[in-house]
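The following pair of complexes shares a single chain, subunit A, combined with subunit B in the former and subunit C in the latter.
Up next, the complex of A and B:
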């Protein structure tokens, strides 16, 4: 009796609803499709047919490349037909990303970063136009696409597609394979805008059977040269901090594997390797393996033999020919061009590099840092992914072991997480503050926790123009605060420090001033930069670097 | 997204051609990096530089403080006597970091008086070359008419001296040379530029705000340098020598120009040539910047007095 009932009850459940829905969606767009190719002129109708109210839609928007044609088409949808979408966007960069919410097409949002749209984002949140699920770090958002946020539809972008749907992303692979995988293998529809439809792609970055639909965009997707820093804007203070970091951290800990954030201070470090670093005899001893985008300011260090390998999150406009000509250093495909992958580079940055160094807008007395300031909801991006000590690491390296921590037998090394900043930002705003703006923003926006970028207990070193604070050496919270205050200059955090306290901290090795590190402050001149302009970078590259027009001042 | 590879056009005086080794890059000392005082010292023979009317003489503009601008003790112009490859010389350097190199009453008079004194010394048997380092947006707005008047004095003194001795102009960057002082640049016996230098009567932003973005898009660096940039200005004969941004290269170009003496006929005197060139361009259908040199070469075949 019971035996015959079992199968009947099981048959009542349909195990292929997502697959069926996908089949129905693809059937619905059939009038606008030939093979896998959608008619760009009927994009709006196609989206009306494809999407259902309440769908979870991943819209590719990274900090560099943007599926902008699809974003525009989505914003153009009729809210009577398509509404209450739940969008997953890693970087809210385009006006259209928020237009979608204002027009009522979408309602809920999970994202990682909202740089250029951060002011409007804060307003829409305050007005209740957007329901924010959570603000994530980059890989965290992608990770959730494989757990509880699997997309029903993924709207992506690539350089080229062939008629079988094979995709060529070129140097800017970034997140496309990851989002495609999350959708393609659990009943989601993958729709990709491409710059060009071709008979044969130069290399297959994403296989065609993951891709359901392609559309040739009327114009190439937008791509931001986010990692290009013009050496003209690097000042003497940046150079001084670069010298302090090089001697006080890179040399002292023997850092061979590392990641650099975006900023003039870290660009200065890249540019003094062939000059100051060379004089210190550090070539081959530090900075050999990197996880970072093809920063143009890294070209002199690469050319002068400092760099053995670079794995990239994404590409960088203008560096294509240079990267293709240096395949021993960069990861390149059989077609010659760069292969990047944000998630894998983040993974490498977490477990395989000894150091992360980056700057922040605000740091509090406990070294918590944040880029969220009043009226702006910027989110995090990838810095927290790199800027923490991953407890899943087990392989040792001299740099990692130099920060030995824990009690025997559970001894372990530690990643160097370095914050580098001038004590005051332009306009006289202190970088070191008593309370982060993020705390207030969290309260105003009703967030469960303040949006802190890098937690203070992960930070091992802080570099300012005053010196280096070795926070990892502090044995008490009070010592940590003192060490940080000693390099915080005349900010509210640093101004109370007494000279004799600083002397004691120097003696104990918690703080190093320029003279303790053998850094001659007078030598911090722009002449120390291996390249002083974008034109110099072009010359260093042997003419292989083609800077975007906005950086050309010749 | 990316712009085309830099072309080899207009590369002279050791300008890199894409094959420079990295050791050569490290050996270069940027001239653009230097402030006005350091630029002047870098050009003159070692140990010969002597500043006149320096900051400790405290000759400041009286017009800035009432307008809430902090004045400078040298009013943004550095005058240095010395020797240039053994030859008596005066280098007059405009400091771009102070008021964008804007010329006011005091700074303008410093330039004009220096040029006049060089002419006087020359007439009295001590031939003195002048070198003008022109990084200026033109007349300082805070001193409007007084600034304009001194620019006229500068031009008049320059004309006086250039009849006797070479007046060498250098526009290295990054400010460029615009406004009234671009007229002074046009009067120089020899005008030296880097690729980063710019020369124009009206700056891009002025043109855009007066005539609209369709006339000139001041946010487009490619357009700006295609028209005002050093490579274009030397390519079209509005400047004479294109140099690499390198102290040694700029100094040797200046020494060479000073040694060459005055041209047979100054550019500013070649009126018929200028008129023919203007006639060759239809303002309603202007040529592409890259084609301008060829258009003008067709209109005015190379003449004997062209160097």
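Up next, the complex of A and C:
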């Protein structure tokens, strides 16, 4: 090799270490395996053989479905054998997810969301039991699996597998294909718990090529009906906010493509489309294409012909038969059932829809918001990804262009990022606060920056029962704060507002009160809801929707 | 149904129209099909039977591989039978992609990039022959396929298929799985041209479930070696810029995760890592995890132990054996060959890496840049997605935090978005201009906003042979413009700069000249390149790299 070819290479390097390690791991579990099928009764032994201290392990804890059998086996491992694992879990949902840390099996954690375990999560962080790498938005965590956080082992879950490892995820595809791809193609071991081993899966969602081991779990995997909102709990204030949002934002900006969060406020919007929306003549003009899970509260709008398409992050228990009967609207497979995919739906929710609307627990004077409150480390989920203006977007739409921003030649539209909340939550807690609890949490936990879910400068609109604030129209920070304060009611942020300031903001179009939008506050009644109970939703679905037992009252 | 359940539903609606239409289409092509296999000799007839006027058709034209057989058959269709198609093509690369419009087969186009056909594209747009929906960044176009642009038919390409439709895409996976998923799960027909029909594919990249029809193409699909840069064409100015970038950005910010564009300037950076970078003691400290195609110019850095991982958008002809022999670095399948995936790599390039660096044809005084120049409608490709600060990012890294931005509590880091360019291009054309040609093009074509590739406010650094401008440190728009002008040399943007202004900017750290960075301009010689020719790259690879014929000079 000539000098120009640089320094002589060091002694021949081994470039197949990951592959070799994988072969050794699979060799070590052979006593517990027949073909690709692991003996469920030997799960703990198999993990002892499979895992090495310090391994990076992706444990499937999705927004809804959970690899709970594997999580339990992991939590049960002997910390003398398996320790110092680095876990990647998108949603910390099970007790076992944190047991592994308390038992010393795992040490480091990268995650996205910790709703059901948020209090304990905060404690373990404070105690130093968990060493948190970072809190991510979902897709950011998957993205890192292809860069600096590639898993050594992936512990996943699916509905069914055949003996060649072909997987059927069923309606709740969620994160499984993405995590499997990251592990399978870089020398990681992919182990999947399935509800059933079958001779032939109804459809192949993940090729057997990508799967090393499957195990039939003694119980079907845990699955939460996170997106079911009982219309009985939707109150008049939610309905008023829904009316304000519909007239002040959806109609005004002509929002045809959108994502909805899971609150009662957005459920109210879904439920007044066939009534209030219909009377406004908005069918076909707004809300045509959606990215969201199959919300039962969307059924009346679908049945009334409002909805052309819905792409889903995951499924929703009870909607299986309904979705399968509506293939023109939902993405479904050759077997007839829903095909969801979190990474692609998050991509669609980031780049292809014009509006994100959701709630937060706390909003400050600059419209920064967070669900991290004192003693709770909730994380972010998908909100940061969908709740910001993606600067990489280049296609125009009327709604996007209606928020024209920037100076020529860098003129561009902007995504509608809407925060919707009552000024006070149940128990009289103000939603608008001087300082987010997240600031203190960050300080206590030694985080480099406060865990803010949606940054204020990404928020274009705020809706409360007082009215709509058009923050995107503010030309100064002061105006922006005033517009927000004008809809913040009697909270610490809103209470100082003078009436004449509000008048000026209304004149300038920065704030709209109900009367400015032609919304009759007295009409905000539950009779406006197309369905007032889960039973009504079942009726709308023609009996196709089967609500989970906890939502049945009849 | 009670009143609360809303208006009575209209006459029972058919919810399976897409599925029915699909069945009818497949029925219509039956004369040309055996099993799932189409007769290549009857391709035109088959398309006549399959397609309906006005169909939305995703035609696979990727950055590298092309469904060229299907594109040719489509261009050959009778416009009396097939007309007014709406095409989705991520990269307009073939003559046939535009022939379909001239022949009246297609009318509307949504796309992302039009490099090789950019001149003709501009003409057809001006003539009104093509009705452009929008120019997208890659992932944005895929995202819309799950929202408002779901394909009725997808015309794709792959390396091999078996008789059940299982596909092997080979190293160049690129866009195929994503488009197939969008079409297959919403009643679209998926038709794939393959180089070879086989009894068993080496690995399943796309399950046969998702594929309706396959056809063995008479020729292997067209594939461009887009990412091969011959080191012979790297000049001293490129090397100087590479040294400045390495010291002024990579070393200063500790950039460990990154994406590189395909220019000679970034190729120079790759090639001085094992020489200049090694002498600076930077191995292991920077450039550890990459998202990019298998650039041949990265081989010396890989062989010298700089690179821990590379995730790829697509493959690169000639690198197959090399990549297969380096599975610790590259993502490879159970068959040993590369697994790429554009959508996941773009996601990684957006959210998981700390730096994007690339060139543009024109940059204005505010650092807005575009590759759209007069008479050329190039489009965007992946740059807008990776070349912006993703506001959805929540994980911290030292490089990201080193660009701390925002006001408390909304403090956050920022992605490094670097533009690298010589002040003048070949032929003496200035890279820095008063007004981007894109502004005029937008006006002429009636676009709603100018096609800007990277917005100035997203750019953190600009590197030229003059030095490095740290735009992210500017606190005013005026400072920002001055810092940019200070490195813009004798172009219309740079020529007005006074020396004392530059001194002040250097003092404030907004600009660094070579001497400020400890870069000896005289050392910028070709001897610094670890490889000075394609032959050298082959030697570095131990003979594993097989350059395409056009790059062979020996």
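The working rule: the second predicted complex is superposed on the first by the 543 of 554 C-alpha atoms of A that agree within 3 Å, B and C clash if a C-alpha of one lies under 4 Å from a C-alpha of the other, contacts with A are read in each partner's own complex, and residues count from 1 in each chain.
Assume a contact is a pair of C-beta atoms (placed from the backbone, for glycine too) under 8 Å apart; a residue touches a chain by one contact, two chains touch by 3 or more.
In this text the structure is predicted, and so the values were computed from the model without any measurement.
Legend: residue contacts after superposition of the two complexes on their common chain; A:143 is shown touching subunit C, with no touch to subunit B.
Judged by the touch definition given at the top, the superposed model places A:208 against subunit C, while subunit B stays out of reach. Looking at the shared chain after the overlay, A:424 reaches neither subunit B nor subunit C. In the overlay built on the shared chain, the residue A:220 is in contact with subunit B alone; subunit C does not reach it.
Ranked by how many residues of subunit A each touches, subunit B and subunit C are led by C.
In the overlay built on the shared chain, the residue A:548 is in contact with subunit B alone; subunit C does not reach it. Once chain A of one complex is fitted onto chain A of the other, the partner contacts of A:328 are limited to subunit C, with no touch recorded for subunit B.
Applying the stated contact rule after C-alpha superposition, one finds that A:540 touches each of subunit B and subunit C. Common to the subunit B and subunit C interfaces on subunit A are residues 274-275, 300, 303-304, 527, 530-533, 536, 539-540. Subunit B meets subunit A in the complex at residues 1-6, 16-20, 22, 25-26, 28-30, 32-33, 173-174, 194-196, 220-222, 225, 229-231, 245. Those residues of subunit C whose C-beta lies close enough to touch subunit A in the complex are 1-7, 9-10, 13-19, 110, 133-137, 139-140, 142-144, 146-148, 150, 166, 178, 181, 184-187, 203-205, 207-209, 256-257, 274-275, 278, 288-289, 291, 300, 303-305, 309, 311, 325-329, 331-334, 339, 341, 343-345, 347-348, 350-353, 364, 366, 368, 380, 384-396, 401, 406-413, 435-436, 438-439, 448-452, 455-458, 527, 529-533, 536, 539-540.
Residues 220, 223, 225, 232, 274-275, 300, 303-304, 317-318, 320-321, 526-527, 530-533, 535-536, 538-540, 542-544, 546-554 of subunit A are the ones touching subunit B in the complex.
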